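What follows is chain A paired twice: with chain B in the first complex and chain C in the second.
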Partner chain A sequence: MNVIEANNLKFSYDGKNDAIKGVSFSICSGKYYSIIGHNGSGKSTLAKLLIGLLKPSKDSLKAFGLEYNSKNIKEIRRKVGIVFQNPDNQFIGSTVKDDIAFGLENRCVPQKDMDKIIEEYSKKVDMFDYLDKQPEKLSGGQKQRVAIAGVLAMHPEVIIFDEATAMLDPKGKREISELIKKMRIDNPNLTLISITHDVEEAFNSDEIIVMNEGEIYMSGSPKEILSKSDELEKIHLGVPFLYSLANELNKLGIKVDDYSSLESLVNSICQ
Partner chain B sequence: MNNMILGRYSPYDSFLHRLDPRNKIVSMILLMVALFFQFNLPGTSITDFVMTFIVEGVILFIVIISMIVAHVSIKQFFKSLKAMWFVVLLLFIINIFIVASPSSADWTSTMYYYYGESFRIQVPAWNWDYPIYWASIYQSIKIVSRLIIMISLTMILTSTTKPLDLTFAFEWFMSPLKLIKFPAHEIAMTLSIALRFIPTLLDETDRIMKAQSSRGVDFKHGRVSLRIKALVALIIPLFISAFQRSEELADAMEARGYNPRAKRTHYHKLTWSVFDSVIILFTLAILAGVIVISVMNITYYTPTFLGWLFIALAITITMFILLGIFSSTRKVAK
Partner chain C sequence: MPINFKDVSFTYSYKTPFENVALNDINATILDKSFTCIVGKTGCGKSTLIQQLNGLLLPTKGEVIVDEFVVSSNRKRRTKKLANLRKKVGIVFQFSENQLFEETVLDDVAFGPTNFKVSKEEARKIAKECLLKVGIKEEYFEKSPFELSGGEKRRVAIAGILALSPSIMVLDEPTAGLDPEGTKEMMELLKKMNESGTTVIVVTHDMNLVLTYATNVIVMSDSRIVKEATPDELFLDNDEKYSLETPYIAKVVQELDKKGIKLDTKVIKDVKSLASEIARKRKNK
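Entry: the complex of A and B
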């Protein structure tokens, strides 16, 4: 089932230059998508369009069969959640508890149910011990986990990660990608759209959409995309070391199949 | 910055911490009103001063016990009094000239009302001889002591109430104004976001200062004009980043379904307990007592006055002892 459908989607900030130049794609329920592209490729604009912060032109974008307009936007936002890039600027409450509660307050969840929901979702993201902590006492990764808990607590069907790990240290990045894996196991129907410029991160997804200058450059499964390293480099996207190494080895006639992690790569070379 | 303006929140869990913030605000205002009653008695001014000091003494007694119970930082308290010296001096100088001699007394104005014993200061070189009335000194002490008690009262409020709870209380007080389309909720939300972002922006300030210092901007040395110029290098980046933040924050809030005009539930519920009723009745009783004393011209030499004063003090002490028994105080981890 397609949850989001874009049909010749265009968007322009100033009316002259299009930031998104007519893209068409469909997002299937329960899959994990990555949208990659370097700065200025229009991927963040796309995220804002998908959550309804920017208004798409008529009939070009639909979520759950609903047109993006002021009437439907409330319903769409119930089903689509987003985690932004800056951990500080999306932390609205004064403590972890308050921040998770913020979305619930907006959804008019009765006050007596909130504590239970907060407990449940803070445990899911492993932040239960920090419920009374203020944001300045938390690391970037912890703040992003709180943001994820806040989104999860609203039971969305689609979650967009708009460069959610870009400002984190390697440890924070690892934690978030672990959490994403766990979320997919917990709820197989959850659709994830991760917007990133980190090609390595995109490798875990089911499908990659590569954006360049407002257009879809190519799309396909991670293996398909990463095997076209020449084309990725043409649009200034680096291919991770493991994959370029495996590619070079394959070119030299050394057959390497499994290169999803360093260990498996070493194993397959040793065989 | 936050601490300088509001007084530091002390992370304890005393019974004053647990009181409803609405109650604390109202009680504080009631005690402040009680503090400012005039006892304009005919005759000598000394009666008025003595009565003022008796009433202030009772309130001061409550304030001191509250400060001990609430673990108000003594260091912080004296720090906030430091700025008072200038006020004391100014008041004293003003009062010397304003509290004038009986000959210039204008009976319609209370300021000119007080007179009595005086001493003279003489500066022969300037051929200056001016009488200073004791009343002017009393008057200064009276105002200063009122100010000190007022500062203590606000300190008790801010060190026992989290800023966010104060915002919720203010929102509650402003809620009747919603009928005339007054944006009470929006103001409370703005305040709470401002409070939330104070530490974040302080961090940012620190970071920008370090970044600019490494580029050769000197914030700490040199002439004042140069330092003010240097501040531009801090303020402009700070403003730009604050605007960026606000934009992203607005996006995040909207994406999570926030709509200021829509109905929303509240996670924080203000709860009114029995203790709150006791405390507010107690402060009302004090205010009523002061009003009675003021209106009925009761003085310290009125026969039953001392008896009533002792009863009032006894009730105060018993109440604090009882509240102390019923509530435990423990430190809360920061």
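Entry: the complex of A and C
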């Protein structure tokens, strides 16, 4: 089932230049998508359209069959959650606990359930020990984990990560990707859309959409995209490390055919 | 001039019920003209450490010595005028693009020098030079800084610090949020500044960058410094990992080592040098 459908979706900030130049795609329920592209390629604009912070033109974008208009936006936001890049812009509560509770309070979740939910999700993001801490006592990565807990606690059907791990340290990134895996096992219908320019991270997803200059440059499974790594280089996106090493070795006359994993690459070098 | 940390401790909200130790007995030297990376997981005290460098935060105990300046909470020891230290040590904070405020790019960069009794004309001249240095073209000078892309804004912010001609540049995660191309441009810019004699201190999580660009690494953990080393000592010759991410290059070196192919780690800095070292090894075999 398609949860989100874009049909010739356009958007312009100034009415002259299109930041999104008529893209069409569909997001399927239960899949994990990565949208990659360099700075200024239109990925964040797309995220803001998907959550209804920017208004798409009529009939060009639908979520759960609903048009993005003032009548439906509440319903759409109930189903689509977003985690932004900068944790300072989304920390609302005076403590970690208040911050996670904020969304729940808006939905009138009873107090006794709320404590249980807060405990569960703060544990999931490894922030349980910090529940009474104020935001200024937390580092950027810790704040981001709280933001993620707040969104997860709302049980959305789609979660958009707008470069949400860009500020986390490697351990934090790993924890979040582990958490994503766990979430997907817990709830196979959960749809994830991760906006990132971390190519290595994107290769964990089911499908990659590559954006360039406001258009979809290409899309496909990580394997398909990997086989077109030279295309990624062309549009100034980083290529996976193993590919670039294989490429350099080939230039020096060492043929490396299989660079799908570190092991296979090392094996071909040793041959 | 090297930077010396002597028994430096720092506690947020000191002597209140909200005490929070961020630095614990730090003793370290940052070498003159080095490209030093400070690494460690989130919350380990990296950002607190760099704020001691120009006295934005004063150590709760101990002192930081930068050239003739002493940063200390002891009034008798502390250098009276820290403004001159702040000219010497330029700090570019995380997401520095949020610090821009003037109407044009040029005015934003010229703002710093005018605070140090430089005439407006002179300041604009310096600003132009610095903007060109960071790769911002002339046609951008009269634009509003808010019209620029994230990567460009960050370069303008760096130009603003450069305009004070600091001899030490400190940057807190300068590549966070930049795309791979922007990351490379940023690091090459810092490398160029370092080669022209500026001490560059970078806080980062990206170990691949550390291996390629740093001359020295300081590893922090739980408010302490746990290791000072060169990148190849840290990643290629050492089994202790300090729970740092292993750079891709180091992973390849280790895997080949297991297969009996020993590479000369001294010459490996990036993908290119790794590939040519592998090629050299294969030829000799």
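By definition in this document, the second predicted complex is superposed on the first by the 240 of 271 C-alpha atoms of A that agree within 3 Å, B and C clash if a C-alpha of one lies under 4 Å from a C-alpha of the other, contacts with A are read in each partner's own complex, and residues count from 1 in each chain.
Following the convention adopted for this analysis, contacts are C-beta pairs under 8 Å (C-beta built on N, C-alpha and C of every residue); 3 or more make two chains touch, one makes a residue touch a chain.
In this text the structure is predicted, and so the values were computed from the model without any measurement.
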Exercise. Between chain B (first) and chain C (second), which does A:V266 come into contact with in this model arrangement: first, second, both, or neither?
Worked result: second
Exercise. Touching A:N86, do we find chain B (first), chain C (second), both, or neither?
Worked result: both
Exercise. Given the touch rule stated above, what does A:S244 touch, chain B (first), chain C (second), both, or neither?
Worked result: second
For this session: Give one of first, second, both or neither to describe whether A:S70 is in contact with chain B, with chain C, with both, or with none.
Result: neither
Exercise. Touching A:D98, do we find chain B (first), chain C (second), both, or neither?
Worked result: first
Exercise. If you stack the two complexes on chain A, which partner ends up touching A:I51: first (chain B), second (chain C), both, or neither?
Worked result: first
For this session: Figure out whether A:P135 sits in contact with chain B (first) or chain C (second), or with both, or with neither.
Result: first
Exercise. In the superposed arrangement, does A:V199 touch chain B (first), chain C (second), both or neither?
Worked result: second
Seminar exercise, completed: Going through chain A, the residues touched by chain B and also by chain C turn out to be 86
Problem set entry | Of chain C, residues touching chain A in the complex | 12, 18, 20, 41-43, 47, 94-95, 149-151, 173, 176-183, 205, 207-208, 243-245, 248, 251-252, 255-256, 259, 261, 271-272, 274-276, 278-279, 282
Exercise. For chain B, which residues count as touching chain A in their complex?
Worked result: 164, 192-193, 195-196, 199-200, 203, 244-245, 248-249, 251-259, 262-269
Problem set entry | Residue numbers on chain A that touch chain B, as the complex places them | 48, 51, 53, 74, 77-78, 81-82, 84, 86, 88-94, 97-98, 101-111, 114, 134-136, 150-151, 154
For this session: Spell out the part of chain A that touches chain C in their complex, as residue ranges.
Result: 37-40, 85-86, 137-142, 163, 166-172, 197, 199, 236-238, 241-242, 244-245, 248-249, 251-254, 262-263, 265-266, 269-270
